[in-house]
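One chain, subunit A, links the two complexes that follow: it is found with subunit B in the first and with subunit C in the second.
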Partner chain A sequence: MTGILTASDVGKSYGSGDTRMAIIDGLNLSIAKGEFVSLVGPSGCGKTTLLMCLSGLLSPNLGKVGFKGQVVTAPPIGLSVVFQDYSRSLLPWKTNLDNVLFGMRRVTGMDAAQKKARALEILEAVGLPGFAGHYPWQVSGGMQQRVAIARGIASQSELLLLDEPLAAVDAQTRADMQDLLLDLAKRFDQTCVLVTHDVEEAVYMADRVLVLGPRPTRVVREIVVDLPKPRDQISTREAPAFLHARHEVMELIRSMRQGKALS
Partner chain B sequence: MIPGIAVLAEKFRVPICIALVLGVWQIVFVLGVVNEKYFPSIPTIAVAFGQMLTDGSVIAAWATTFLRALIGLIGAALLGVALAIVSDLSPILSRGIRYVSDVLQPIPPAAFVPMAVFMLGLGSKLYAFVIILVTVWPPYLNGVAALAGVGPVQLNTGRMFGLTNWGLLWRVKLPAALPEIFTGIRYAATISLIAVIVSEMLAGRDGIGFMIFKKAFAMRTPEVFGLMFLVAINGVLLNGLVNLLRRGLTGWHMRMMERSE
Partner chain C sequence: MTRQTRIALWGLLVPLAILALWQVAAMLQRTPLFPGPGKVALAIWANYPVILRELGITLLRAVVGFGLAAVTMIPLGIFLGRVRVIGRVLEPLMDMLATLPPPAIIPLVMLFAGTGDGAKVVIIAYAAAVPLLMNTYEASHSIHPMLSRVARSLHLSRFETMRLIDLPSSLPMIATGARLAIASSLLVSVTSEMLLATNGIGTFLQRSQETFKIDAGLAGIAFISLAGIIVNAGVFRLEKNWLFWHYRDQRPAE
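Coming up: the complex of A and B.
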């Protein structure tokens, strides 16, 4: 398989013998450079475990994860995760600027002044000019997640793995942040993999939605979202193609949930 | 009128409290509840204290005692954090150190002194040994708990940006654990003051602890109370130093806590 990120026959389980619990089994996927792909699935299917395996923070028991043609064994340069729990992911003893600079610690070819200028530029791009000297706990939740996104991009990232990044922010902020993420992905050439439990968000953001099956999970359906970009919070959500894609994903997830309830 | 009094009371709360304590003391003295010999009046104590402050030997003893407590505390804080780090790196050593701590921790400083005098003499080694042995545990125990309590998201964040285990320790775990470690160090500061006074009393050569013993047996009660006041000032000074360092190293945490209150 080709693509900036690939998973071939990935399997992950915890424990052994009778208590062995399989989370992922025989999962394959390939993400092309520049794509925005959403991963959705029924609750508890192992989405977050999958993202940890893709990022190199967890090693799969079986199969291989590849990033830019290299087998992933540890978090590689050029890949960064944006965690749901931004308040725990940002380091509270560092200012917003220092948090972004912490993300740049493996960046080469820039001196300290250039790094600082770049960090300030990205903080401005995520909508936080003037908050570089604040501490994360001095700004709102939505702003904290913007700092975390800025930190991810600043690490010379090419691939952002977004682990339910907007689950903890309020609904209005969420809509703004969806558009911000789409805008940043384009502006900074980021390939994005978004894990979310919000089907509408998954469809709205993505070029492609991969639907995951119940645990042990694998990709059970691929839905191409045939909608123009840039997306618009009102008209995109009313477009027939959006409604069709949303319908298909929701029906699939509902059938899996019912299947689980019956078994 | 009433709000005016409330504002004044708020502004002068510290002198008011001190005046209250001194007032109650003086009332107890006037009523003659305790024999005057053992419970002198405030003016008597004040005069004795004033005379002591002009006495070079008292000032020297005061400085000696304070330095002993300070050196012991610094040693205990460094050793405690080092033990916590070792425990965090090695589960096997962690269990071993925990057993040693469980056995040594309940032993009061007074019990260490007689043997330590034989082993180490009456010099600074004695005080460093006893104080460190009894004050090392709060920084160690708090350090172990704080290092173990650093959350998985913070650790994963560090790993994601390429930190090794060693890097995680220095760049993520220790900064995150420092506020809780300081809680242990503040507690250790109090214990070190107890340990130094008790050790000086038992070792019987110098320091404020020894002076209190000497004056008490000579029935110089006003001076004993004056010396006790000096011990209290030592406590305030030591706490002030610890808080200064704490504000410098973990000021972010203090401001974060003030904010969430």
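Coming up: the complex of A and C.
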């Protein structure tokens, strides 16, 4: 398989013997450079474990994860993770600017002044001009997640792994942040993998939706979202292609949940 | 007058009332063994150069002992919290040492290190080490796993993670440990001088008692409390300056 990020026959389980619990089994996927891919699945299917395996934070028991042709054994340079829990993922003793700069420690070929200029540019791009000197705890939740996204992009990132990044922000901020993420992905050339359990969000943002099966999970269906970009919160959500994709994903997830209830 | 200032004034009135009662009680007695505040004030005036010199020696030893403990135990605690296997192996030992009163090791240390400055510094360092190590270890090993994930996803080495993430996030608990350690250092510094009499404020107190100069002894005690208050205020300021991000709830958001 080619692609910037690949998973081939990935399996992950915890424990052994009778208490062995398989989370992922025989999962394959391939993300092409520049794509925006959403991963959705029924609750508790192992989305977060999968994301940890893809990011190199966890090692799969079976199979391989590859990033830019290299086997992933630890978080590789060029791959950034944005966590759901922004308040814990930012360092409270550092200002927003210093948090972004902290993500640039491994960036080469830039001196301190250039790094600072770049960090300020990204902070402005995420919509936080004038908040560089504030501490994360002085700004709202949505703003904190913007800082975390800025930190991810700043670390010479080519691929952003987004672990339910908007699950904890309020509904209005959420719509703004969806558009912001799409805009940032284009502007900073980021390939994005979004893990979410919000089906509408998954379809709205993605070029492709991968639906995960129940645990032990694998990709059970791929849905190409044939909608023009840039997306629009009102017209995109009314487009027949959007409604069709949303319908397909929801029906699939519902059938999986019912199947689980029956078994 | 606001409620706060009234309460503060009452708070001052209590020690003043005690001083007044003490003075009256002392005037009713005719023994040099029960000096009143007046006599103690005179003793402070007569003895302050000696007291300050001796107190300086005591504080210097406390500072050296505390410093030794801080530069070794804080890194050790961070390390043990991060390298969990070793931490868990050493936990029972740490618990055992934590319950041992520091002055109990004085005779043992005397045996090996004599009664000089070195011996006292060793005992003080031990007394300060226990709360510093326990608090640092506890803080470091209860760091939220999210921060470890962040560290790894930002490609930090183990050492960088300890220095740049574990240490700062442990600072609030280390500060609590440091307060205990400072109190303990002062206590043990004075106690060790009483047992290993050479110099220092502890020796001064001991001598004053042996020669029935109770007023001089009380003067010495007054200076020790004053030093304690100053040290505490200093620590409080440092905490406010360094840990503002931890005490943020008490600050209005901008």
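As a convention for this text, the second predicted complex is superposed on the first by the 263 of 263 C-alpha atoms of A that agree within 3 Å, B and C clash if a C-alpha of one lies under 4 Å from a C-alpha of the other, contacts with A are read in each partner's own complex, and residues count from 1 in each chain.
Going forward, a residue touches a chain if its C-beta (ideal position, glycine included) is under 8 Å from a C-beta of that chain, and two chains touch if they have at least 3 such contacts.
Since this is a predicted model, take the numbers as computed values, not measurements.
K.L.:
Following the superposition defined at the top, how do subunit B and subunit C come out on subunit A, clash or fit?
P.N.:
When both complexes are placed onto subunit A, subunit B and subunit C end up clashing with one another.
K.L.:
Is A:85 contacted by the first partner subunit B, the second partner subunit C, both or neither?
P.N.:
Both partners.
K.L.:
Looking at the overlay, what does A:137 touch: subunit B (first), subunit C (second), both, or neither?
P.N.:
both
K.L.:
Just to be sure I read the superposition right, which of the two partners does A:93 touch: subunit B = first, subunit C = second, or both, or neither?
P.N.:
It touches subunit B and subunit C both.
K.L.:
Looking at A:57 after the superposition, I want to know if it touches subunit B, subunit C, both of them or none. Which is it: first, second, both, neither?
P.N.:
both
K.L.:
Please indicate which partner A:167 is in contact with in the superposed arrangement: first for subunit B, second for subunit C, both, or neither.
P.N.:
Neither partner.
K.L.:
Using the superposition on A, tell me which residues of subunit A are in contact with subunit B and, in the other complex, with subunit C.
P.N.:
55, 57, 74-75, 77, 80-81, 83, 85, 88-89, 91-93, 102-103, 105-106, 135, 137-138, 155.
K.L.:
Where on subunit A does subunit B make contact in their complex?
P.N.:
By the definition above, subunit A touches subunit B via 52, 55, 57, 74-75, 77, 80-81, 83, 85, 88-89, 91-93, 102-103, 105-106, 135, 137-138, 155.
K.L.:
If we count contacts the way the header does, which residues on subunit A are in touch with subunit C in the complex?
P.N.:
Interface residues on subunit A, with respect to subunit C: 55, 57, 74-75, 77, 80-81, 83, 85, 88-89, 91-93, 102-103, 105-106, 134-135, 137-138, 151, 155.
K.L.:
For subunit B, which residues are in contact with subunit A within the complex?
P.N.:
Contact set of subunit B toward subunit A: 151, 153-154, 156-157, 159-162, 171-172, 175-176, 250, 252-253, 255-256, 259.
K.L.:
Per the contact definition, I'd like the list of subunit C residues that touch subunit A in the complex.
P.N.:
Touching subunit A: residues 144, 146-147, 149-150, 152-156, 160, 164-165, 168-169, 171, 245-246, 248, 253-254 of subunit C.
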